[in-house]
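By written order: A, B, C, D and E. Residues from 1 in each chain.
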Amino acid sequence: MTVTYSRRVADAGLGTFFHLLLRWKGSIYKLLYRELIIFTLLYYFFSIVYRFVLKDDQRRLFEKFSIYCDRYAELIPVSFVLGFYVTLVVSRWWGQFENVPWPDRLAALVGGHVRGDDEASRLTRRTLMRYANLSGVLIYRSVSTAVYKRFPTMEHLVQAGLMTSEELRHLEELRSPHNKFWVPCMWFVSLALRARTEGRINNDVALTALLTELNSLRAKCMKLYGYDWISLPLVYTQVVTVAVYSFFLACLIGRQFLDPAQGYSGHDLDFYLPVFTLLQFFFYVGWLKVAEQLINPFGEDDDDFETNWLVDRNLQVSLLSVDEMYDSLPLVERDMYWN
Amino acid sequence: MTVTYSRRVADAGLGTFFHLLLRWKGSIYKLLYRELIIFTLLYYFFSIVYRFVLKDDQRRLFEKFSIYCDRYAELIPVSFVLGFYVTLVVSRWWGQFENVPWPDRLAALVGGHVRGDDEASRLTRRTLMRYANLSGVLIYRSVSTAVYKRFPTMEHLVQAGLMTSEELRHLEELRSPHNKFWVPCMWFVSLALRARTEGRINNDVALTALLTELNSLRAKCMKLYGYDWISLPLVYTQVVTVAVYSFFLACLIGRQFLDPAQGYSGHDLDFYLPVFTLLQFFFYVGWLKVAEQLINPFGEDDDDFETNWLVDRNLQVSLLSVDEMYDSLPLVERDMYWN
Amino acid sequence: MTVTYSRRVADAGLGTFFHLLLRWKGSIYKLLYRELIIFTLLYYFFSIVYRFVLKDDQRRLFEKFSIYCDRYAELIPVSFVLGFYVTLVVSRWWGQFENVPWPDRLAALVGGHVRGDDEASRLTRRTLMRYANLSGVLIYRSVSTAVYKRFPTMEHLVQAGLMTSEELRHLEELRSPHNKFWVPCMWFVSLALRARTEGRINNDVALTALLTELNSLRAKCMKLYGYDWISLPLVYTQVVTVAVYSFFLACLIGRQFLDPAQGYSGHDLDFYLPVFTLLQFFFYVGWLKVAEQLINPFGEDDDDFETNWLVDRNLQVSLLSVDEMYDSLPLVERDMYWN
Amino acid sequence: MTVTYSRRVADAGLGTFFHLLLRWKGSIYKLLYRELIIFTLLYYFFSIVYRFVLKDDQRRLFEKFSIYCDRYAELIPVSFVLGFYVTLVVSRWWGQFENVPWPDRLAALVGGHVRGDDEASRLTRRTLMRYANLSGVLIYRSVSTAVYKRFPTMEHLVQAGLMTSEELRHLEELRSPHNKFWVPCMWFVSLALRARTEGRINNDVALTALLTELNSLRAKCMKLYGYDWISLPLVYTQVVTVAVYSFFLACLIGRQFLDPAQGYSGHDLDFYLPVFTLLQFFFYVGWLKVAEQLINPFGEDDDDFETNWLVDRNLQVSLLSVDEMYDSLPLVERDMYWN
Amino acid sequence: MTVTYSRRVADAGLGTFFHLLLRWKGSIYKLLYRELIIFTLLYYFFSIVYRFVLKDDQRRLFEKFSIYCDRYAELIPVSFVLGFYVTLVVSRWWGQFENVPWPDRLAALVGGHVRGDDEASRLTRRTLMRYANLSGVLIYRSVSTAVYKRFPTMEHLVQAGLMTSEELRHLEELRSPHNKFWVPCMWFVSLALRARTEGRINNDVALTALLTELNSLRAKCMKLYGYDWISLPLVYTQVVTVAVYSFFLACLIGRQFLDPAQGYSGHDLDFYLPVFTLLQFFFYVGWLKVAEQLINPFGEDDDDFETNWLVDRNLQVSLLSVDEMYDSLPLVERDMYWN
């Protein structure tokens, strides 16, 4: 489920964002605690080795190695590469949200242009919208793990009322190795054309408007497909991961508290708890987690798009729009500001 | 209320931006003074503890800890992460403003294409525009705390003249758990179709243009809904907040003036007032406040969009456009440059 | 007046940009010299105080304070915050330019679709274009100080031939507290509809195309209005200003040449002229000046858009387009490449 | 073949990105191992020379030179310039993907608007779609090395069924030195017009919709052509390459482990394996490789767009859409939610 | 001529970008060698003065000044300001390319909608396209130095067959101080309307589609004009130039090799050749050259758009499209995949 906190930050007051730190769901803590535990354990493993296991001359060696690590850890431009990478991931994430197909606009046109109160007309309108929804769901099945889990086979779509067995048979009979999300779109076209011939759609401008709107919906489906197909280049993700992981690898050794007695600069005191290193871990790995969470927003993370909710909402709203709401109109009366 | 200062900065003169520092409303001072007071109090609390409470050897420990804190405070890339984060928040903020639905374009089409001087025609035009406005207000109620406060129940919308009781009854009778902002759009469609049948709209091109424009408006409403539903991932906000807060936590200790007599490098003098740390606080927390203020621009901050003003303005202008202004035209006469 | 130097930089040669340093109009020197003088005077004021006024132990104190200032000045991420802020301002600046309404496209449609050589037709075409221009000017009056100075009252618009007294009377009679730039648009709609009824516009597709184009123009006007209404949040501007000003405040003390005899590191020599500090001033304050100049491009800076020129050009070109150029066509003859 | 890993990162769990480090195909290792080997060999060459070949005073010189190199290596803002450059390359890469022409929308319109079950009608529909596909392939041949290898001559297009010999003859007879991808578009126009005349397309709105859609496709082809023609300025790519290469040149000398006995600061220990320098190499050159891979996404890299697959998919889907799927419609029956 | 190297970088292999370093045309070397020579000469001038001209105490002074310069050179955020500035320039550069008017889409519509095989129809089609091209060329003349050199007077346009003398006369007779690129557009409108009246264009939808397409072309012309008129603010360019130049001014002194005998830290060795300073020069000035080259892409740099080629190509392709290709269609026969 998407974590919405807009209302909590509507007004900027005293420590508005501070309150957000106290949430668990979708939070940095929930995402990070395992990594943090592993890092802490490893840190104390090395710490114990250094303090209790190593002999004196080994310690001196370790100390020099630690200082060496610390010096180079600072050369790794983690924040820089994370800044650019996360910006990129965020822009793709929002790009995907903007291409989520909502059939509302189409429903308005179908409800307006496909006329008739008889059953055949109702059937036409409902079926047109069902096709449009079906097309979206077929795409979701291939990009969203959540939707795929809900509809592991096409049969499940039939059971959910998104398609009829007859339609499934048609779909499966079509020989093509490629994703068939476009087939319901072609059915839509055929049905719309039939409605035009039968006069339910009574002019060509309306028909063209309908097809154009359908094509917009279809274009959005293809864009989602494209985002899924063309991931961010693996190399980029690897570069960023290598940078962050090697930084913390270096920190495991380099941020150990060394024996103050040896007088290394910046090692005057032994605090046991590397509080700032842990904060840095929190901070950099948290930033990386932002990317991990957003790189595929169609999964089941706390912050991913609720595609299953979308499927239900869109089907319901589009059927309501073209059937119950067809030609429905409250009494038109004078408003309060009349004259 | 939005803080507009465009006119004050129309010309770049001597210290144009300097004058802006002297404003209170919507200013950094107003947003920050509480945090600044808390920070200052905490700072002096530690200062007093260090100077008067601690014993000598405790002081030495504190001094070492202070130096340790100071060194790591500088490792936290606050400005970097703030730069990227605020840029993102600002782009969403403007994206939301660009999707605020203005019914002006629709009003021009309704005023142009729905013909007739009789009461039924006037009623049709006014009601069409009222529906378009109502749809927007229903969205505002769910995204804007200011509008929600003004119209806490649907009944308030009836009282404000945005809908009739009859319409409210229709709306409530529709069984659907989802936001119903789209219902007035479907009424619009039905009424427009009726107007077409009755000949008030006398051609299909005009009808299609009307529905297309309505759909643009509806798309904007859905985008606002999307911005509200899909917040910036909580993790990102938390990462930034953690970075800023931990930086200043480190500063509370690390920027204390240490006893000059101890000869720590960079601690030659005791100024009592940590002027640059306070400036940094001002500066970094101010930057964070930019994000806090913009992350939900539909609240009641000084700088948020005035949605209630928008509601009033849009209703008035759209009714004026399609009623008073209908077919109104000053005498068409030769202009000054004729021949 | 806008400073155009595209032609000067058409080819990248030896020091192409170097030549630009020699210009005065719209230059950094013209914008900055006052601030630079103030800064220099203040710098030498402190310098003189340090060298001639202070006593020896006060000097030691000053020196320590100076070193303290210098150290913290470097902690202020001026270039970072300026980089992000200016990028934002520049993108808004260009966004505003892209929304400047040019009536050229509308003129082509009016010239094409409103047929007839008689005076009434000419009058219709000219008046339609005048309305479109008037709408733009009404917006300019509210966003541009330059246009406002030229037309301080509506009466001035009448005198300039942009509207008739009759139109002004109509405009003023309309009771509405909101900006009325949309009223001429509604007149346009009414006049276009009348032209359709009278057959001057002979088909509905053309009429719809005209209204759509008018709506694009109107949308641009509203965007300009939006940019003016929703300024960049004051807090952001204040944060940046505080950062830059406090940096130079710190520099006033921190960049003083200290007595070389005291042997402070980096203070081996007394050059009297702080050339690099002045360069930094030049550079950072210049960057801030970019923002000051662009944040409202409708003022009267050297680099602001020439809105008054636009008003004149647009009126002339649109009247020429629909009147002199109406149905004007040079003899159509074979071109050079015929067969 | 494009490397798709969206599904692997659907949920952010423990070390989601860590798993990606274990892949070979399209990975940083595959792209980098040759450069890494060369760099390592060169590093050890200098190392051996320093340790075993040089005489004592030559060593002292080498050591000084090494320290000099190291100091300046840090002055080169590699991460900065890479950040900006890669961001730019990535945005062009995605821009190119967004302009890949998919004929699906056109197929929906052709299938809908070109009526008739007879062979001539089928022929018209299939040929129209073939023209649209052919136009895309002609562009691919000029921008994609993969497609060019598959169709080294136009004759290959005939053999692949994308065009007929007759069409090839026409194409070759047209005298023009410029890319002829637009010729099939003109054939499309002619054929569509003929279909209109013969009544297969039965109204003008549909015809215009078809031509508009064709033009969108054509515009995308031209954009791809533009991206190919106007590369990122060579200078920018050279600047970045010079920065990265000179950084590692400096590292070859500057990151040598110097004799600890000489007591150079930061050279307390000789580890033989410059692990952090190699990580930096991995990291910076990997970042550059991202750019190398994306700068022309129409090659045959692991991560390039699979243009040949696109050619096949598009041809098949568009023929299926307008032929097999023409007027095909499963039995329209009541859906599950009827009443 | 534009430097296209896409094909050279199609596949990311061993040192893909390295090969690009070996090119001369459009390269960093060609752009930079003069600046580099000047910088090197100045460097050695100061070097010789320091080594051979100055007396001992003057040398000590010079050394202190050199260290002072070096320290402040590092404070100038050259890479930062260049990064932001070049990103901005690049986005404008690509924005300009995207607004280059290609008449191809219009040609498809003219070829499709203006019917008739007789000479008058051919003449109409050719003349319409010639007008569209002429409009583009008139804009090019005012923004592109290359096109302006080719057509220094309007008479040259007549000679090149882009307009007839009659048309030139008409153009010159129109009294208007503003750029007249829009006049051929109005001729286009008049001619299209005449064609509609004469029945060559046989429906209103087609006519409107034609005018809309013309308006898109015209809008692009105006955007090019806008980019030319509203340069990047001079101040920004000056700020960047000042930063880069003052950095290298400081380097001229600050990067001199000082007498190792004096024991200044970091000055242990005299290498005579300041290889890293030269690399930095190469690198920063190269980055600035990217901006110099792209800030006006309509000049005659190696990497500028080939506007003259565009003029020729567009005229030829558009005449071919509407004349030779008019109604031309290869025999429509069954494709390879028929059934």
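Just so we're on the same page, a residue touches a chain if its C-beta (ideal position, glycine included) is under 8 Å from a C-beta of that chain, and two chains touch if they have at least 3 such contacts.
Predicted model, so just to flag it, every value in this text is computed and none were measured.
Listed here as common contacts of chain A and chain E: D. Of all chains in the assembly, none touches chain A and also chain D.
Both copies, chain A and chain B, contribute mostly unmatched positions to the interface they share, with under half of the numbers common to the two.
Chain D and chain E have CA centres that are 24 Å apart. Chain D has its Cα centroid 38 Å from the Cα centroid of chain C. Among all residues of chain E, those that touch two or more other chains are 31, 80, 83, 87, 205, 289, 293. Arrangement of the chains shown, judged by which pairs touch: one closed cycle in which each chain has exactly two touching partners.
Following neighbour contacts from chain A out to chain B and onward until the ring closes gives A, B, C, E, D. Chain E contributes residues 31, 34-35, 61, 64-65, 67-69, 71-72, 75-77, 80-81, 83-84, 87-88, 123-124, 126-127, 130, 143, 145, 160-161, 164, 166-167, 169-170, 174, 176, 178, 182-183, 185-187, 189-194, 204-205, 207-208, 211-212, 214-215, 218-219, 222, 226-231, 233-243, 245-246, 250, 288-289, 291-293, 295-296, 298-301, 315, 319 to its touches with chain C in the complex.
If you check the complex, the residues on chain E that touch chain D are 2-7, 9-12, 14-18, 20-21, 23, 26-28, 31, 74, 79-80, 83, 86-87, 90, 97-98, 102, 104-105, 107-109, 111-112, 115, 203, 205-206, 209, 213, 266, 268-269, 271, 276, 279-280, 282-283, 286-287, 289-290, 293-294, 302-303, 305, 313, 316-317, 320-321, 324-338.
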